[in-house]
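What follows is a pair of complexes built around subunit A, which joins subunit B in one and subunit C in the other.
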Partner chain A sequence: MTSRVKSLTKILSSVVLTLLGLSIVTFLIGRVMPVDPVIAAVGDNAPEEVIVRVRAEMGLDQPLVVQYLHYLGQVLHGDFGMSVLTKNPVAVDIARVFPATLELATGALLLAALIGIPLGVWAAVRQGRLVDQIIRIVCLAGHSVPVFVLSLLSLLIVYAKLGLAPGPGRQDILYDGMITPVTGLLSIDTLLAGDLGAFCDALAHMAQPVIILAYFSMAYITRMTRAFMIDALKGEYVITARAAGLTGTRVVWGHAFPNVAVQLVTVLALTYAGLLEGAVVSETVFSWPGLGRYLTNALMNGDMNPVVSATLLIGTIYVGLNLLADLLYRLLDPRVT
Partner chain B sequence: MLAEIDNLRISFPTPSGFYEAVRGVSLKLGQEKLGIVGESGSGKSLTARALMRLLPSQARIEADTLRFDGIDILSASEQQMRAVRGKRAGFILQDPKYSLNPVKSIGALVAEVWRLHKGGSRREAMEAAINLLEQVKIRDPHRVAKSYPHEISGGMGQRVMIAMMLAPDPEMLIADEPTSALDATVQAEILRLIEELVSERGMGLLLISHDLPLVSHFCDRVMVMYAGRVVEELAASELSSAHHPYTRGLLDCIPSLSRPQERLSVLNRDPAWANP
Partner chain C sequence: MILSNFRSWALDEAPASRSQATWGSAYRVWLSLRRNPLSMIGLAIILAFVALSLAAPLLAPYDPAAQDLGNRLAASSGAHWFGTDELGRDVLSRLLYGGRVTLGMVVAVVVLVAPIGLGIGCIAGYFGGAVDTALMRLTDIFLAFPRLILALAFVAAMKPGVESAILAIALTAWPPYARLARAETLTVRGSDFIAACRLTGASPWRIILRHVMPLCTPSLIVRVTLDMSSIIITAASLGFLGMGAQPPSPEWGAMIATAKRFIFDQWWVATVPGIAIFLVSLAFNFLGDGLRDVLDPKGR
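What follows is the complex of A and B.
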C-alpha cells in the first residue's frame, strides 16, 4: 500500500513539474513571436509615447523572469488576458469554442474506438486471411486520404447532392440562440432544454465531421489493436486457455484482450488528445467554431494571448490524459504498482 | 485405450516446401504413465499438442490414426475438440511464468475452468478453486487465490497450473516439460505431486521431458524420440538394458557418483538414425 502511495506521489509531482515546464515554454513562445503585441494592440500609426505607455501598461518593459512570474500568477487565477481580435477575455472565448471541439473529439473517439478495436481484434485473429486484407485496405485509405478531401467530398455528395445531412455549422439557423448554453455541448444542452428537434439537428450537424474524424482515428486504432493482439495471441497463456477447453471467443476476449487493454489505453489517450487539439482542417471545412479554428485565426492575426493560452490548454490536455492513462494502467495491469 | 496414435506426421511450410518435424510417430496410452524423452526439436511436444489439436494453424497434421478415446481428432469439429480439451485431457505447459495469464488472479483462473466444465455459480466456482488449490498442496489457498501469477514462485505457479487442469476431472494428463523451468529441489516435489494425483485419480499420464532418469523414475514406459521419430520404446525398469545407440549415448552422458568418469562422454549422433 505504501509503495502505491509513493508511486502516486511520484506521478503527481512529475505532473506538476511538467505543467510548470509547459507554462515556461508557452510563455516563451509568446515572447519570441515575431509580432509586437503592442503594435498589434494600438496599430501601426500610434505615436511613440502611446507605444511606450502601452508597453509599460502591458508590463513588457520588465525583465523576463518578472514577466513570467506575473504571467504564472495570472494563469493560476484563471486570467489569460484579453483577445485583441474578439475584445473578450481569452478565458471566455475558450469556454465558448472548446466545448465545440470537445463534442467533435469525444464523438469521434467513441465511434473510432467502438469500431476500431473490434476490427483490430478481428484482423488479428484472422491474420493473413481475406478479412485481414480488407481491413488493412480500409485502414490504409483512412490513413492516407487527407481529411480535407474526405470532408469536401462528403459535403459535395452527402449534403449538396443527396441532401442526407445538413451543411456546415453546428446548428440550424432556426435554433440559433434558442438553446441556453449550460455545458456548451449542444448535444447535451438541447437535451437539458428538452428540445428534441434541436437535439436531432445538433446530432445531424455533428454526423459528417465526427464520422470523418472517427474514420481517420479508427484507422490508427485498428492497426495498433491488430499489432498488439497478434503479439498477445502468441502468448503461452493463450495455449493454456485453449487447452483448458475455453471457446475461441473467450480465449480472445477474456484472456488475450485484457493483456492488450493496457497498451490500448495509451493509444486511445493520445488519439483523444490529438483530436482535442482541434482538427483545424475539419473545423474550417465544416465551419465548426472550435478550438482549432480559434487558434489558427488568432495566430494569423498575431493575437498573442489566445495563442499562448490555447497552447497551454492543449499541453495541459496531453499531460492530463497521460496522467489518466497512467492511473488506468494500475487498474488494468496488476504488475504495475 | 485413451490415446491412440499411428504414423503421425506433422509438417510446417517453409520457403523451400514443407518441413517434416514429426515423421511417423505411433503410440498407445491407457491408464498408465508414459514418458517421452528426446532433445529439443525431436518432436515430442508437437506430438502431444497434436493430440489436443493445439498446434499453430499453419501446421499440417497427417496420421493413419489419431484418436482420443475413440474420437478421431483429425476430423473432429471445434466443438468436439473443446469437449476433449480440459474436460477429458489436461495439458500442463512448461513455464508458469508465461503460461498463466498475468492479468488474472489465481482464483479467477482456476474458477473459470471449473465453472466452464461443471457449471454453478461464481461463488461455488471460487470455493471449488480454493479446494483445488488445497489439493495441489498450496498452503494458505485463500491468500494465493487473491494473488496474481507474478506474485508467486515458479513451483507454486506450476501447482496452480495443475489445479487448473485438474478442475474438470480429466481422464488423461499431458505434462509438457512441467519441471524444466523450476529449481532442482522443486522439480521432484512437482513430479511427485503429479504422480500422486495421477495414481489417486486413475488418470493416464503423458510426461514429456528431456531428463531421462527423471522420466524413467516416474513412468511405467519410456519412449525415446530422435529427429521426429521414435527410436526406442521400453519399460522404464529395462532402461539400463536399452539397445539403441542414441539411448545408450543419452545414458552415458549422465554423470554418476557410483560410476565416475574421467571425462563425460559426448553425445554422438548418426544421420542414419533419422532415416532408418
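What follows is the complex of A and C.
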C-alpha cells in the first residue's frame, strides 16, 4: 500500500511540474508578440511619459519572473484576460465555445471506438490474411488524409452534390436561439427541451465532422487493438480455453479481449486528446462554433489572450487525460502496483 | 556483376570491418522490406514525388506565378491538365513547385529536429541523475501539447511564414526523438565497450558522439519515417489555416485555403493539391509501416 501511495505521489508531483512548465511556455508565447502591447494600446505617436506610465500600469516594466507569477496567479483564479476581438473575458468565451468542441470530439471518439476496436480484433484473429491487409490499408489511408481535405471533399460531395447532409454550422437557422443551453451540448440540450426535430437537426449537422474525425482517429485505435490482441491470443490461457472446446468467438471476446480492454483505456484517452487537435481544423471548415474556430479566429487577428489561453487549456486537458489513463490503468489492472 | 559482388560482400556471415557489418544489416533490412508490396508502393511514390519536385523547372509547362486573368478557373484541358486557379495560374505547374515547398519544409524540420532530439536524449540517458530529470521534464512539457496547437501558438507569436512554420513544427517534433534516444542510450550505457572507452580515458562527450549516438541512429530513422506524414500534414494544416506558407507561394495547404472559397463550383483547384498531400502522406505511412515490421517484429 505504501508503495502505491509513493508511486501516486510521484505521478501527481510530475503532473504538477508539467502543468507549471505548460504555463511557463504559454506565458512566454504570450510575451513574444510581434507588436508591443503598449504601443498597440496607446498608438505610435504617444509621448514618452504616457508609454512609460501605461507600461507600468500593464505591469510590463516588472522583471519577467514577477510578470510570470502575476500571470500564474491570474490563471489560477480563472482570469485569462480579455479578448480584443469579442470584447469578452476569455474565460467566458471559452466556457461558451468549449461544449461544441467537446460534443464533436466525444462523438468522434465513441464512433471510432465502436468501429475501430472490433476491426482491430478482427484483424488480429485473421492476422496476415486478406482481411488484415485491407483493414491495414483502410486505416493507413484514414491516417494519411488531412482532416481539412476530407472535410472539404465531404462538403462538396455529401452536401453540395448529393444533398444528403446539411451544410456547415451546428444547427439550422430555423432552430437558432430556440434551445436553451443547459449543458452546451446541443444533442443533449435538444432532448432536454423535448424538441425531436431540433435533435435530429443537431445530429445531422454533427454527422459529417464526427464521421471524418472518427475515421482519422480510428487508425490508431485499430492498430493498437490489433497489436494487443495478437499478444493476448498467444497466451497459454487462450490455448487452454481452445483445448477445452470453447468456440472461437467465446475465446476471443470472453477470454482474450478482457485482458486487452485495460490497455485500450490508455489508447482511448490519447485518441481523445488527439481529437481536440483534429477538431481545430475540422471546425474551421465546417464553421463549427467551437474552441478550434475561436482559436483560429483569434490567431488571424493577432488576439493573443485567447490564443494563449486556448493553448494552455488544451495542454492541460492533454495532461489530465494522460493522468486519468494512468490512474485508470492502475485501478483496473491488479498486476500494476 | 557489381551488384552480386555487393550482395555476397554484404551478406557475409563474418564481416571483416565495421562498415561491412553496417552495410550487411542495412542490406538485410532492404531485402525484407522489398518483400512488402505496400512499402515498395510507398517508396515508389516518395521517389516519384522527390524527382517531380526537383525537376519542377524542367517539367512545369508554365511559370507557377504567371497570371492569365482571361483564363481564370478553367477546367481541365489539353493546355492546362489540372485547370487553372482564380488568377489563371496553371494548377499543374503550381503543384509541381508546391512539392518543392513541402519537401523543403519536411527536410528542414528533420534536419533541425533529429540532431536536437538525438543530442538531448543521449545526454539525458548517458549522464542520468539531475541532468536526466531536468531534460526529461522539459521533454514532457513539450509532449503535453498537441503538435498543431503548439505550432499554431508559436507561429502566432512569431510571424506567419515558411520559416516560422518550420521552426514551430521543429519545436513540437523533437520530444519523441529525445525519448527514444534516451531509452536506447540507457540500454547501451552499462555495456562493456562503453566501460572500456571510459577506462582508456575517453571524455563523456567523445563517448556520446562516437559510440552512443551512432547506435541510436537506426531506430531514429524509422521513427522519422513514421513521423514524416504527420510533419507533412501539420505543415499543410498550418498553410491551410493561413499560418504557414503565405500565398502566392504554391504550398499545397495554402493553395487549398484560397481554393476553398469556390470549392462548390471549381472543385478541382482545391482537390488536386489535396490528393497530392494525401498521396505523399500515405506513401510515407506505407513505407514507415513496412520499416517498423522489419525492424520491430514484435509490433506485427
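As a working rule, the second predicted complex is superposed on the first by the 310 of 337 C-alpha atoms of A that agree within 3 Å, B and C clash if a C-alpha of one lies under 4 Å from a C-alpha of the other, contacts with A are read in each partner's own complex, and residues count from 1 in each chain.
Methods note: a residue touches a chain if its C-beta (ideal position, glycine included) is under 8 Å from a C-beta of that chain, and two chains touch if they have at least 3 such contacts.
Computed from a prediction, not measured in an experiment: that's the story for all the values here.
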{"item": "Fit or clash - subunit C, subunit B, common subunit A", "value": "fit"}
{"item": "Subunit B or subunit C, by number of subunit A residues touched", "value": "C"}
{"item": "Partner chain(s) touched by A:A95 [first = subunit B, second = subunit C, both, neither]", "value": "neither"}
{"item": "Which superposed partner A:V145 touches (first subunit B, second subunit C, both, neither)", "value": "second"}
{"item": "A:I239 touches, of subunit B and subunit C: first, second, both or neither?", "value": "first"}
{"item": "Subunit B versus subunit C as contact partner of A:L332, first or second or both or neither", "value": "first"}
{"item": "Angle at subunit A between subunit B and subunit C, C-alpha centres, nearest 10 degrees", "value": "80"}
{"item": "Touching partner for A:E277 - first (subunit B), second (subunit C), both, neither", "value": "second"}
{"item": "Partner chain(s) touched by A:H255 [first = subunit B, second = subunit C, both, neither]", "value": "first"}
{"item": "Subunit C versus subunit B - closest C-alpha approach in the superposed model, Å", "value": "12"}
{"item": "Contacts on subunit A seen with subunit B and repeated with subunit C across the two complexes", "value": "none"}
{"item": "Residues of subunit A touching subunit C in the complex", "value": "14, 17-18, 21-22, 24-26, 29-30, 32-34, 127, 136-137, 140-141, 143-149, 152-153, 155-156, 160, 227, 230, 273-274, 276-277, 280-281, 284-285, 295-296, 299-300, 302, 304, 307-308, 310-311, 314-315, 318-319, 322"}
{"item": "Contact footprint of subunit B on subunit A as seen in their complex", "value": "235-237, 239-248, 254-255, 258-259, 262, 332-335"}
{"item": "Interface residues, subunit C side, partner subunit A - complex", "value": "38, 137-138, 140-142, 144-150, 152-159, 229, 233, 236-237, 240-243, 253, 256, 260, 263-264, 267, 270-271, 274, 277-278, 281-282, 284-286, 289, 299-300"}
{"item": "Parts of subunit B lying in touch with subunit A, wherever the complex brings them together", "value": "52, 54, 78, 82-87, 90-91, 93-95, 98-105, 112-113, 116-117, 148, 150-151, 161, 164-165, 167-168"}
